[in-house]
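Heads up, the next two complexes both have subunit A, just with different partners, subunit B and then subunit C.
And now, the complex of A and B:
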C-alpha cells in the first residue's frame, strides 16, 4: 500500500537553526500517528514543513505520491492536509461561527457544506452551540481547542495534523479531546498527532515516531513504544 | 440657528470625503499595519481620471453629463484606481511585507511622490477646472439652503460606507480580512490566500478614495496634482480620531473632523482650519491614541 504522506530525507531550517535533519516519515491512510519528543525537538517544525509554512532546504515530501515541496500553505489546505497549529490560534475577535466559516474558506462557494459543517461541529462539541455567537476569544481554553479542531475539520481534511491539542487543559478536558480525536479518525480522517502527553498519545495512536534534536531516533507501533524503556523513562514517567 | 445648521451640512459633506479616504487608510493599517502615505494620492488620481472621463463625455464643455453618465464615470474611475491601488501593493509593498516597518513606510512616501509627479507630467501642474456644473437648486430645510448635490454626495458616501460595512461583516472575504488582521499564519492554514485578500483590501480602499476624489472635484470645482497630500494627512487624522484600524471609527472620525473644521472656519477663520485639525490629531495621539472607538472593539480592522 502506498503511504498517504511520505517524507524522505527532509531538512528544514528555523532561521539559522538546522531544525530537521534527514527526517523520514510515513503516514498511511486511516492511521493515527503520534509524533513524540521534548520541547524544541522539531515536532512543530515538522508540521510546519508539511503544511507549507516552512519550505524545506532539501528532501522530498509526497502527498498521494505527488511532491508538495514549495506549494504555498493555502494550496496545501486545498489538497486535503489541514494543520491545527500549536496554541490553537483561533481568531479571538471573531465569533465561533465566523471561525468555523473561515475554516471552510476553500468551500466558500458551497453554502450547504458550510451549514452542514457547522451542524456537524456542534454535534461533535455540543458546548460550542451555546457559544455560537460569542467572540471566540472569550471562550475557555478547552472550548477554544474545540473551535480549533472543528475549524480544521470544516476544510474537509484527509489528513488532520494536530499540534499539542491538550496543551494547558484540565485532565478531564484532555480526555474529552482525545475521545473526539479517536471519533474523527473512526469517521475516516487520518491523523498526525503531536503530544507532550505521550501516554495519552500512545493510547490513541497506531504508530509513533520519536524525534530528538531534529532527528527521528525511533519509530514503531504504539504497543512497542509503550513498553520501550527509553520512552518510559523520558516521556511516560517512571 | 440657521447658520449652525448650514455649517453642519457643509461639515458633513467635507467629512464624508474624509471618511471615505480614512477608510482605505484604516483598512490597510488594520490588515498589514502599514500607514499608507500614498493613499491620499490615490484620491488625487481618482479626481484626475474622473476629470478625463468627464471631459471626454462632455467634450470639454460645460454640458450637463446627466446622472447616467456621471454614474459610469464614477464606476469606471473607481475600478481603474482600485487596480492602481492593487498594483502599488504588488510592486511596492508586498516585497517588503516581512521587512522592518520603517522600510515600508519610507517606500510609501516614495510611492506618494511617484504618483504626484506622474500626475503632474500627465495632466500638468496647473489647476484644472472640473468639467461639470452643478445645478444650484435644492431644498429649504429649517431656513437653510441644501443643494441636491450636497444631498447626493452625503447619500452616495453613506451608501458606499454601508456597503463596505456589510461586506466586512457578512461576506467570507470580509471575514477573511478581519481574520488576517488578527493572525495571518492561521489564515493561510485555513486555505486563505493572504496576498489575494490584502490585494482586495487595497482595491476597495483605493476605489473608495477615488470616489471621494471625483466628488471633491465636482464639489470644489478645481483639482491639482498636490491635492492628495493634505487630504491624506486629514484622513490619517480622521482614522486616528476614530481609532486606527477600526472601520466604523474611520467613518465617525471623518465626519467629526469635517464638522469641527467647518465650525472652526466659521468662528476662527479659514486659515485656522488646518491648525485645528492637526491640533486635534496631536491631542489624540498624546491623550487617547486608541481613538474614540479604538479600545472598545477587539478586532483591529
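And now, the complex of A and C:
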C-alpha cells in the first residue's frame, strides 16, 4: 500500500536552529498516527513543515506520491491537508459560525457545502450549536478546541493534523475530544495527532512516532509503544 | 428596524445634497474637506481596519492620484475623467510596491516601512522636475462635463459627495464579501488564516491596492479642486490625521470612520475661537476619547479585542491584534 503522506530525510530550520533532522515519517490512509515528544522536540515544526508554513531545507515530502515541498500553504490546504494549530488559534473576535465559515474558505461559492458543514459540526459538537452566534473568544477552552477542530473539518480534509488538542483542558474534556477524534477518523479522515499527553494519544492511535530534539528515535504500533519501557518512564509515568 | 435605518440614511443623504444652499462659503469649504477625509479614511479603513496592516504613509496614495491627474492635465492636456483610470493604475502599482516588501512584516516594523514609503513619495515629489519640485504644480484646468465647466465651490462639493457615497458603498460591500472576510481573518490571526487556506500574499496586496485606489480618487479630485498642488499637502502629518480619523472612529467600522473624519476636520475649526489653545484642547480631547472609548467612537461589530485575555494557557496569539497606534 502506498502511504498517503511520506516524509523522507526532511530537514527544517528555525533561523539557525536545526529543528528537524532527517525526519522520516509515513501515514497511511485511514490511520491515526500519533507524534509524541516533549516540549521543543520538533513536533509542531513537523506539522508546520508539512502544511507549508515552514519550508524544509532539504528532504522530500510526498502527498499521494506527489512532492509538496515549496507548495504555498493555501494550496496544500486545497490539496486536503489541514492543520489545526497549537493553542487553538481561533478568531476570538468573530462568532462561532464565522469561524466555521473560514474553515470552508477554499470552497469559494459552494454555499451548500458551507451550510451542511456547519450542520455537521453541530452534530459532532452539539454544544457549539447553542453558542453559534457567540464570540468565539468568550467560550471555554474545551469549546474553543471544538471550534478549532470543526473549523479544520470544514475544509474537507483527507488528512487532519491536530497539534496538541488536549493542551490546557480538564481531563474530562480531553476524553471527550479524544472520543470525537476517533469518531472523525471512523468517518474516513486520516489523522496525525501531536500530543504531550502520550497516554491519551496511544489509546487512540494505530501507530506512533517518538521525536526527541529533532530526531525520530522510535516508531512502532501503538500497542508496542504502550508497553515500551522508555516511553513508559519518560512519557506515561510509571 | 432595518427599514428605519435606511430611512435615516436616505434623509441624511438628502440633507447633504441640499446643505450647500444654507451654508456660507467657509463652512462649505470645511464640509468639502470633511468629505475628502471621508473618502481617504474609507480607503485606509480597508488597509488598517479590515486587514489590520498599520499604514503610516497613506498620504502617498493621495499624492499619487493628485500628481497623476495634475501632470496629465497640465503637461499632456488630458481630460480630467481620462486621468482617473491612469491614476487608479498608478495607485495599484504604488500599492503593490509598498505591499511586496512588507508582506512578512508586522506591527511596529510595518509602521516604520510605510512611514518611509510616505516620505519617499513626498521627497520624490519635492525633487523631481515633472512634479514641479517644491513649488508643485499650478494652473491645473477645471474638469468639464460636456460643455459645463466645474468651477464653483458647490460643483466640487457635489463631486466629492458622490465619490464619498460611492466609496462608502464600495467599502461596505467589500467588507462583506469573501475577500473582506479573508482580510478580517488575516487581521485576527495571520498564521491561522494561512493554515486555513487563505492566500495571504495575494489578499494583502489586494488590500493595499484597493486602499490605494480609493486614496488616489480623493487625490485626483483634490488636484482639480485646488487647481494647484504642492508636496506639503502630502506630508507625514496628513497620513497621521487620516489614520487618526480611522482609529478615533473605530477600526473597521464604516459609520465610525465617517464620524472620525468629521471630528478630525470639524473639531479644530470649532475650536478656532480658543485661539492658541485649540491644538491643546484638540489633543487632550483625543487622549480622553481613547481612554474612554478605546475601541473608537462607533466600534465595528467584530471588535479587534483579542481572545488572548480569555485564553487560559496565556499564549499570546499575535502581536498584530493589539495594534500600538
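In the analysis below, the second predicted complex is superposed on the first by the 238 of 238 C-alpha atoms of A that agree within 3 Å, B and C clash if a C-alpha of one lies under 4 Å from a C-alpha of the other, contacts with A are read in each partner's own complex, and residues count from 1 in each chain.
By definition in this document, a contact is a pair of C-beta atoms (placed from the backbone, for glycine too) under 8 Å apart; a residue touches a chain by one contact, two chains touch by 3 or more.
Quick caveat: nothing in here was measured; it's all calculated off a predicted structure.
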Superposition on subunit A - do subunit B and subunit C clash or fit: clash
Subunit B versus subunit C as contact partner of A:105, first or second or both or neither: both
First, second, both or neither for A:60, with subunit B first and subunit C second: neither
First, second, both or neither for A:168, with subunit B first and subunit C second: second
Partner chain(s) touched by A:51 [first = subunit B, second = subunit C, both, neither]: both
Partner chain(s) touched by A:85 [first = subunit B, second = subunit C, both, neither]: both
First, second, both or neither for A:141, with subunit B first and subunit C second: second
Subunit B and subunit C contact sites that coincide on subunit A, given as residue numbers: 51, 53, 72-74, 77-78, 82-85, 89-94, 98, 101-103, 105-106, 108, 137, 151, 155
Complex contact set, residues of subunit A against subunit B: 51-53, 72-74, 77-78, 82-85, 89-94, 98, 101-103, 105-106, 108, 135, 137, 151, 155
Subunit A-touching residues of subunit C, taken from the complex the two chains share: 178, 181-182, 184-185, 188-189, 191-201, 302-313, 315, 317
Subunit C-facing residues of subunit A, complex: 51, 53, 72-74, 77-78, 82-85, 87-94, 98, 101-103, 105-106, 108, 136-138, 141, 144, 151-152, 155, 167-168
Residues on subunit B engaged by subunit A in the complex (per definition of touch): 172, 175-176, 178-179, 182-183, 185-194, 297-300
